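In the two assemblies presented below, chain A is common to both, partnered first by chain B and then by chain C.
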Partner chain A sequence: MKQWIEKQRYLIDFTLASLARRKTRNLGLLGVYTLLVFVLASVALYTHALRVEAAKVLAASPEVILQRLVAGRHDLIPPGYLEKVGRIRGVQKREGRLWGYYYDAVVKANYTFMVPNDGTMAVKRGEIIVGPALERSRGLAAGNGISFRSYSGKLHTFIVEAVLPQASELVSADLVLMHEEDFRAFFDYPAGHYTDIALSVANPQEVRNVALKLAAALPDSRPILRDEVLRTYASIFDWREGIVLALLSAAILAFGILAWEKASGLSADEKREIGILKAIGWETGDVIKMKFWEGLLISLTAFLVGFVAAYVHVFYFAAELFEPVLKGWAVLYPRFQLTPHVDGLQVATLFFFTVFPYAAAVLVPIWKAAITDPDAVMRG
Partner chain B sequence: MIFQPAIIALLLASAICVLALAASAPFAVELVRRWDINSGSERQLRLERRTYLFSTLLVFIMTAQLASVLLFVFNAEKMSGMFVGAMCAVGTLNVNPWGFPALNAKIAVFFLAAMWLAINHVDSRARDYPLVRIKYALLLLLAPLLAASAWTEAQFFLNLKADVITSCCGSLFSEGSTTLAAEASAMEPLPAMLLFYGAMGLAIGSASYQWAFGKGGYATATAAALGFAAGISGILAFISLYIYEHPHHHCPFCVLKPEYGYQGYALYIPLFLATAAGLATGAIRPFAGIASLKTVVAETSRRLAAVASIGFLLTTAVATAMILRSNLILLEH
Partner chain C sequence: MLSRPSTLALLLLALAMAGFALTLVDAALPREQRKAEVEATRALVGQLGLTDLALFTEARYTRHPSQADLHSAFQDHPLALEHFPTGSLLPPPRHEAVDREATLPD
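Right, the complex of A and B next:
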């Protein structure tokens, strides 16, 4: 065993020296390789971070949201509907929610108007609490007044009581929190009606049963499960990542061709080197081993450097290069910092995507180089 | 579902492997028919040179196969969140009828590839390549298997539909159903433990014996196969219960989940490596009589037996540690 390790060490030593002798050529290949890993790893890291972020955001949302449908469209919850839901075993809390969208012609964006349900966010009449994106786009600060023209044409004026913290921006960017009566007056919302119903279920394994019971008791309703929303998000991000990777597969192919070219275009110097090695007693197998180490060293270096660069790019520079494709866009897009997160499966996948094609591409050229006859080279 | 990065990677790897094998098949046929080490003809020289290429290529393919089993299971585990009813890899594999055949085919190819690699290793160390013909004939047998494995895998991935409600491990590995896995799960803990420790002891014993004295290749291989079966049924019957600390949860895949600290990998990786090494000793044993291979086979088998012995020992130790650390009591003292 020790002998084997020693042998490999000498081979690596020799390979490194031989790589250093042809610096420019190898650095070129290494550069392209690193770039490829960098691009692929950026995509993978970024989508994964978005997935994690979405899961974190939804973790605090209610397990089941119940909407009422009329002719297949979302409609208001009429008075008495909440009572019709009745007591369902496993449901801890059920409450009607009030929220809606408001189009602001000034910044050409939609806001979400909402009445907070929990006591911690109580808003007084005539006051509002706004999200950070609104603060930026309308130049608002606590204490300022702002008017919105409601859908009935009347002008309503509110005082900004506070701005929501930056930390919650991913969910609260376009949010405007207001008092229930203000909300009803602003939208001319019929008394006793709600937008939808939120149910919290303690046991995650009961969620599906609760949804079935709801669907049976209220045939005109549509229960939306948090798990389903999460699953949809996960598939959307996976799909986006997959599409980008599929598009980039052309780049992988191009890289494979480049690697093939580089590996097969042996310079006269290299040919002579292999010829001499064989003349002094190296076997074909040894030459292949040396070339194998060469490929492995280049691959691992490129992988490591590319991956670290991608990590820095995604988590310190917010993935500026791929953001538009992967994130989607909106007028009031939230600004948010992604939490660094590396996933084992992703690293493994990435390794398959980059190292595997490289290895496949250089195999034949390596062999061609290794079987060169010493006399043929030295004579020529 | 095809646009999952890991799926693209797996399909890419399979496609490259099958293409490479298809490309080497004509050469293998030519070699089996025309190989003659004593001839100095142009053709023989060309064949000899080509064996270098194809040996390297096949080492590459087989290694890729070994890695892809791991990625396959890892991916199935990760994707379980996307299917209604799936809690772990079992749910994903159950989405369509191709899932489990694909996994089983991959595992079979893994072991066969390991055996082929052992034969290849032995052959390339002998001066006169005595096994070249056998090696390439075996390759021709292995090629359709590998292609079939790639095909089932592709079918599995292409037919993954997110709207299918799959069944979770609770229903597949429960004591009531009639599958082989359920039979193993339904075993009483005490006989299952006796079987597990007995088979492991046998496997460790025969591998260690060969490691020490260099005798008994077939015994090691048989004991390794037995050890593998006992290991899997042991995990189904009682080790999983101790890990989950739950008397009725028999799933062999949930142990791979982050909730259980990826403990399953500590159990499966040594078990698979040990079994592969054990089977490989058996695979090279028939060639021990060939003059140029005598020392090589003896040396390689001892080394493989050492790997098998340590691997089985590790599996047993890890399993025992999990049982001792668990708060579940299956056997009354």
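Right, the complex of A and C next:
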């Protein structure tokens, strides 16, 4: 065993000396290789962590949201609609929700105005609770006053009662919570109308049946299930990951060509080296082992360094390099810290697709050169 | 002994592997404070009945992708160009068609 280890170490010594002879070329290759792994791993880690986070927090969203559609567009829930919903068996709780969008011309950003239904979040008349991104963009703090011009042209002034916790920014960045009467006055909302209805269903197994009943009883309605919300988010991040990978595919292909050219096209020097090694008594197996170490040292170093750098970039520097692509271009930008999550399968896939092809591309041409007669190889 | 290039290379490789193992350990570490924050966010989602992440606030169908009606991206004209960059990065919503043929037992 000791002898075997010693032999491998001599092979590594020889490989490193051989790599050092073409230092710039090999260091350049290692650098590009590491960068590629870094980019791929960053995208994979970031989207996976965001997907897990979204699934965790949105698990508490309403079981069914019922919208009313008119000519394919979302319309207000008229009076009497809520009562019809209440007659459907299985519906435990129903609440009319009031929310809408407001474009703030001062900072050119969109806010989501909302009336909290939950008693613990009740807001007094004339007061608002704002999201953390709003606090930043408008420089607000508790006790400050702020005016919004409504769509009817009237100016409405509110006092900021509180700011939502920064930790919840992923879901609350642009929220403005207000009293129901303020909301109706601000948007000139017709009395008794709601934006949509949130339903809770007593038995989770019954959610789909309740949705079917709702669709049958109220043909102009569109029930949106919590499952669909969760699936929408899963697919959004899959899609974004895919788009980024598609944009990166040119870089991946370019690297593929570079690595293939470097690994498979043996230079005259390398061929001569193999010829000499064989002529002085190296076996084919030794030459292959030597090249195997070369491939493994380069690809494993690139993978490990690239992955660790990506992990630190995503979870300790908030993925600053990819933020604009993955988050969007909105004026109000949520600032959030992701909880580190590593998906074993994702790491294994990344490892397989970055380390193995290079190792294989190194070995095949060497094996071809190593089984040829030394004399023929040296003459080239 | 250390002067041998193989010792140095294997040492560096072992260091990189240790770094890799550390990332896995770091990801598995329990984070009580972070957990409490996620719980608080989840409670807020429940209290307010929120349905979407505030990631892309520029248009209503990107702010609430799960609530957007299926035509919102083409609201101005069926062939109108997309106004917002996020719109081109966002997939069309995936809503399962609810079977409207179902009969009401009530």
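Throughout what follows, the second predicted complex is superposed on the first by the 298 of 380 C-alpha atoms of A that agree within 3 Å, B and C clash if a C-alpha of one lies under 4 Å from a C-alpha of the other, contacts with A are read in each partner's own complex, and residues count from 1 in each chain.
Throughout what follows, a residue touches a chain if its C-beta (ideal position, glycine included) is under 8 Å from a C-beta of that chain, and two chains touch if they have at least 3 such contacts.
None of the values given here were measured: they were computed from a predicted structure.
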- Message: Going by the contact rule set out at the top, does A:288 touch chain B (first), chain C (second), both, or neither?
- Response: first
- After lining up the shared chain so the two structures overlap, which partner does A:243 touch, if you call chain B first and chain C second: first, second, both or neither? both
- Task: See if chain A has more residues touched by chain B or by chain C, and give me that chain.
- Result: C
- Is A:352 contacted by the first partner chain B, the second partner chain C, both or neither? first
- Which of chain B and chain C A:44 touches, first, second, both or neither: first
- After superposition on the shared chain, which partner residues are touched by A:116: those of chain B (first), chain C (second), both, or neither? second
- Query: Which partner does A:235 contact after superposing on A: first (chain B), second (chain C), both, neither?
  - Reply: both
- Report for A:364: first if it touches chain B alone, second if chain C alone, otherwise both or neither. first
- Task: Could you look at A:35 and tell me whether it touches chain B, chain C, both or neither (first, second, both, neither)?
- Result: neither
- Do chain B and chain C touch any of the same residues on chain A, and if so, which? 231, 235, 239, 243
- Item | For the chain A and chain B complex, residues of the former touching the latter | 44, 230-231, 234-235, 238-239, 241-243, 245-246, 249, 284-285, 288, 344-346, 348-349, 352-353, 356-357, 359-360, 363-364, 366-367, 370-371
- Query: Which part of chain C faces chain A closely enough to touch in the complex?
  - Reply: 4-7, 9-10, 12-13, 16-17, 19-20, 22-24, 26-27, 31, 34-35, 37-38, 40-60, 62-63, 65-72, 75, 84-86, 89-91, 93-96, 98-100, 102-106
- Message: For the complex, give me every residue of chain B touching chain A.
- Response: 2-10, 12-13, 16, 20, 49, 52-53, 56-57, 60, 64, 67-68, 70-71, 74-75, 78, 81-82, 84, 124, 162
- Query: Inside the complex, what are the residues of chain A that reach chain C?
  - Reply: 9-10, 12-13, 16-17, 20, 53-54, 56-62, 65, 67, 69, 72-74, 87-89, 95, 97, 101, 109-112, 114, 116-118, 120-121, 131, 133, 164-165, 167-175, 177, 196, 198, 211-213, 215-217, 219, 222-224, 228-229, 231-233, 235-236, 239-240, 243, 297, 300-301, 304-305, 307-308, 311, 315, 325, 327-332, 334, 337, 339-342
